[in-house]
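In the two complexes below, chain A is the common chain; its partner is chain B in one and chain C in the other.
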Partner chain A sequence: MVVYSFYIFDRHAECIYKRRWLPRPTSTVGKSRSDTVSGAAPTGLGQTVRSTDDDSKLVFGTVFSLRNMVRKLGGEDDNFVSFTTSQYKLHYYETPTNTKFVMLTDLKSPSMRIALQQIYINLFVEYVVKNPLSPTEHPGGVGVNNELFEESLEQNLEVSSREQVHVRKGETAGSHRSGHIEAIIYKSGISKAQERHSCNRAHTAADSPVVKHTVLRAPACDGTFWREKKITGAQHRSQARQGHPYRLFM
Partner chain B sequence: MTNRFRCISVFEPELIGFLHMRRTRVDKVNAELVTLTYGTIVAQLCQDYDSNYQDVNKQLDKMGYNIGMRLIEDFLAKSGVGRCANFRETADMIAKVGFKIFLNVTPTVTNWTSDNTQFSLIFEDNPLADFVELPDDGRAQDELWFSNILCGVLRGSLEMVQMQIEAHFVSDVLRGDDTTEMRVSLVRYIEDEMPPEEE
Partner chain C sequence: MPDNTRGVFSLIIINKAGGLIYQREFQSGLRNLSTNDYLVLAGTFHGVHAITRSITPKIPISQPAPSPATSSTGITAPAASGYSYPNPGVPVSGLDYLETDKFRMTCFQTLTGTKFLLFTDPLTGSVDTIIQKIYELYADYVMKNPFYQIEMPVRCEAFDRHLGAWLRGRT
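Moving on, here comes the complex of A and B:
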């Protein structure tokens, strides 16, 4: 399964967080917008993609209208969950405070509703809302700028694709359009051996096995956070810096 | 309605363990610590505003408002409850779930107006006001609402779930009244906001 992008909108219809990992597959019809999307350079780890604002506005407009339509047809309690096009699947979750979580994935993905709910409960509330210094409102789209949130999100949504490795190795940027995208969902209880095995499957033979560990500690009593980050494998580290897309980790 | 805390436990098997699943639980904190901390804040405000109690009330309400806007997210995440169907249900939710989770008290909901837009919360027990005696300057007894932060909390949290309300205390045992009563009235339901027009 591949996660293409992830958006959070607050109750003022402001996009407070957006993140894109992989370009959506280019449509053969040749829409100009998807062309610019797939032509964008892969982005670095922990760094939000520079993209046109249009993208998030379009996404918001779509989910907003669909949600209202669903409620009109099915009653107040009916929920809009996801929709599918021939290219991608859009997952939607809305909290009672009107914060909207949207995720675009490929077609094979299962329902991400619970995943989005967990992102809200375990990441957004814990790291963004409960951070006393982060603003509750985001006028002008300042947005969520929170390292802990971004890192944990990164950790939990790791997307890998083989063709991005090719691009990094200096092959023509066009090659990733023909290359096929591969990404895997893991359960969190996966053993190291399995992990390594799957990594080997996901990468070309030249790539060293990747072992990645990240320990997030709970807040200490004095309110500070400790983070321990251990990434073994120099190659992996350099991949991370150069914006190697990650596997989706569950 | 149950006033027991509801855990969120509807995970699909393959999603168990997602995102370092932390079991939802209610953290406990020493009640006296809360009481003393809150008391210190009020005392400091009284000092900062030269015992202008109107300003102190206003400031407490403002602080509560900011707390409420965050607290509601925590409440929703912890309780997993959905939207209330009407204001009566909201009142019960506030009294029996909200206050129970955060202050471990259950105020009584009463004195409804016939159009179901105003109600009173009667606090038999108010942990914020333990050990408190209002200053004996002849004005505090009439002007200071010691627990006014609670009004702000309700205002902030309900605003986040699309309800504009007005809340104020009408009586307080600290002032020598028989009960501690807060009056809450629904002003309006807030419509969904639309994104600003493209220019």
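Moving on, here comes the complex of A and C:
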């Protein structure tokens, strides 16, 4: 299953989060990275940025019109789940508060209604709505594009397995060789698991290319203060292998 | 008798300009709309169909532009025309199937741009066969009718009769 893009629209018809994954043209899954064009990150590609911006408006217009059409025909309690063209499939989920989650995938994907619902319940509510620093409205995506939400979204959407792992230039495995790296992982906002990884141990083949080095800002469970911890890509993956509760797909 | 037409709710035919030219209900299951609402629906769908075709994801082709792959921004710059569609062998189409909780809509667009919209039960199988047969009946009894004016509402008794008979007789 390949996910092409993902959008969140709020009740004011504004796109508060958009993200596109551009898969590589060939079907082979290799080590070569694919590009991640997120709406928040400015890129040098005028064409791509413009088309994501326009795409989100077109996507909203489409789902809005179709939703109205479906309600007119099927009754007020009917809602549309997905549509298919010859090239892609669009999945739609709307929360009771009219937040709309839209995902474009390839044709082979099963119904993503549950997955979108899980993204809403487990990620959006947990990391955006429950975030004390996040505003209630999200003009221009404020509050949605926090690291925790984006990281978890990316983890959950295992977009064509390794294809979406993006390598940051200048960061190599060597920069994390010494010392201890601590990772505090919050699961469902309730329990936390503290992992200490000694990077002096022998790197396994899967762990050796440390490609991600991000700072997670998470509210502490007692809600009193914020902690900043660093987590590496290898830890992300080992966490995923151990069956992270948010993981939806293989 | 109604068991034989089980699954097919209604049929709408939209001409290539987005106007409603035929609407018939075979079985209740969807809410009844006024003629005006059906006209609006046909026009809306015509526009949405075109938009769904234009938002098809474009996959950049990396082969023609290998040099910018390692640019300082770390982002591959796709060549201006260097993209392909997810299913390169298949022509890009607009909305084909729409699924909701209560019904399933299948859209078939002919080569000349006429759209057939078939509303069925979500569990009905072989919708493509049904819609092909409807197209066949349309070609036989509407397009070959010497009194039918093209792009105008379909008022052909023979088409109505054969369509109803075939859907009733379908097992």
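Points worth noting:
We adopt the following convention: the second predicted complex is superposed on the first by the 126 of 250 C-alpha atoms of A that agree within 3 Å, B and C clash if a C-alpha of one lies under 4 Å from a C-alpha of the other, contacts with A are read in each partner's own complex, and residues count from 1 in each chain.
Rule of thumb we're sticking to: contacts are C-beta pairs under 8 Å (C-beta built on N, C-alpha and C of every residue); 3 or more make two chains touch, one makes a residue touch a chain.
None of the values given here were measured: they were computed from a predicted structure.
After overlaying the two complexes on the shared chain, residue contacts for A:Ala115 are found with chain B alone; chain C is out of touch. Using the contact criterion defined above for the overlaid structures, shared-chain residue A:Asn145 touches neither chain B nor chain C, since it reaches no partner. Touching more residues of chain A than its counterpart among chain B and chain C is C. Looking at the shared chain after the overlay, A:Gly61 reaches both chain B and chain C. Once chain A of one complex is fitted onto chain A of the other, the partner contacts of A:Leu73 are limited to chain C, with no touch recorded for chain B.
When the two complexes are overlaid on their common chain A, residue A:Ser82 makes contact with chain C while staying clear of chain B. Overlap of the chain B and chain C interfaces on chain A: residues 61.
In the complex of the two chains, the chain A residues touching chain B come out as 11-14, 57, 60-61, 64, 76, 95-99, 110, 114-115, 118-125, 129-130, 136, 152, 156, 187-189, 216, 250. By the touch rule above, chain C contacts chain A in their complex via residues 30-31, 33, 37, 41, 44-45, 47-48, 51-63, 73-78, 80, 84-87, 90-103, 119. Against chain C, in their complex, chain A makes its touches with residues 2, 4-5, 20, 22-25, 35, 37, 43-45, 47-48, 51, 55, 58-59, 61-62, 65-66, 68-70, 72-75, 77-88, 90, 104, 106-107, 167-169. In the complex of the two chains, the chain B residues touching chain A come out as 8, 10-12, 14-15, 17-22, 24, 66, 69-70, 72-74, 76-77, 81-83, 160-162, 192-196.
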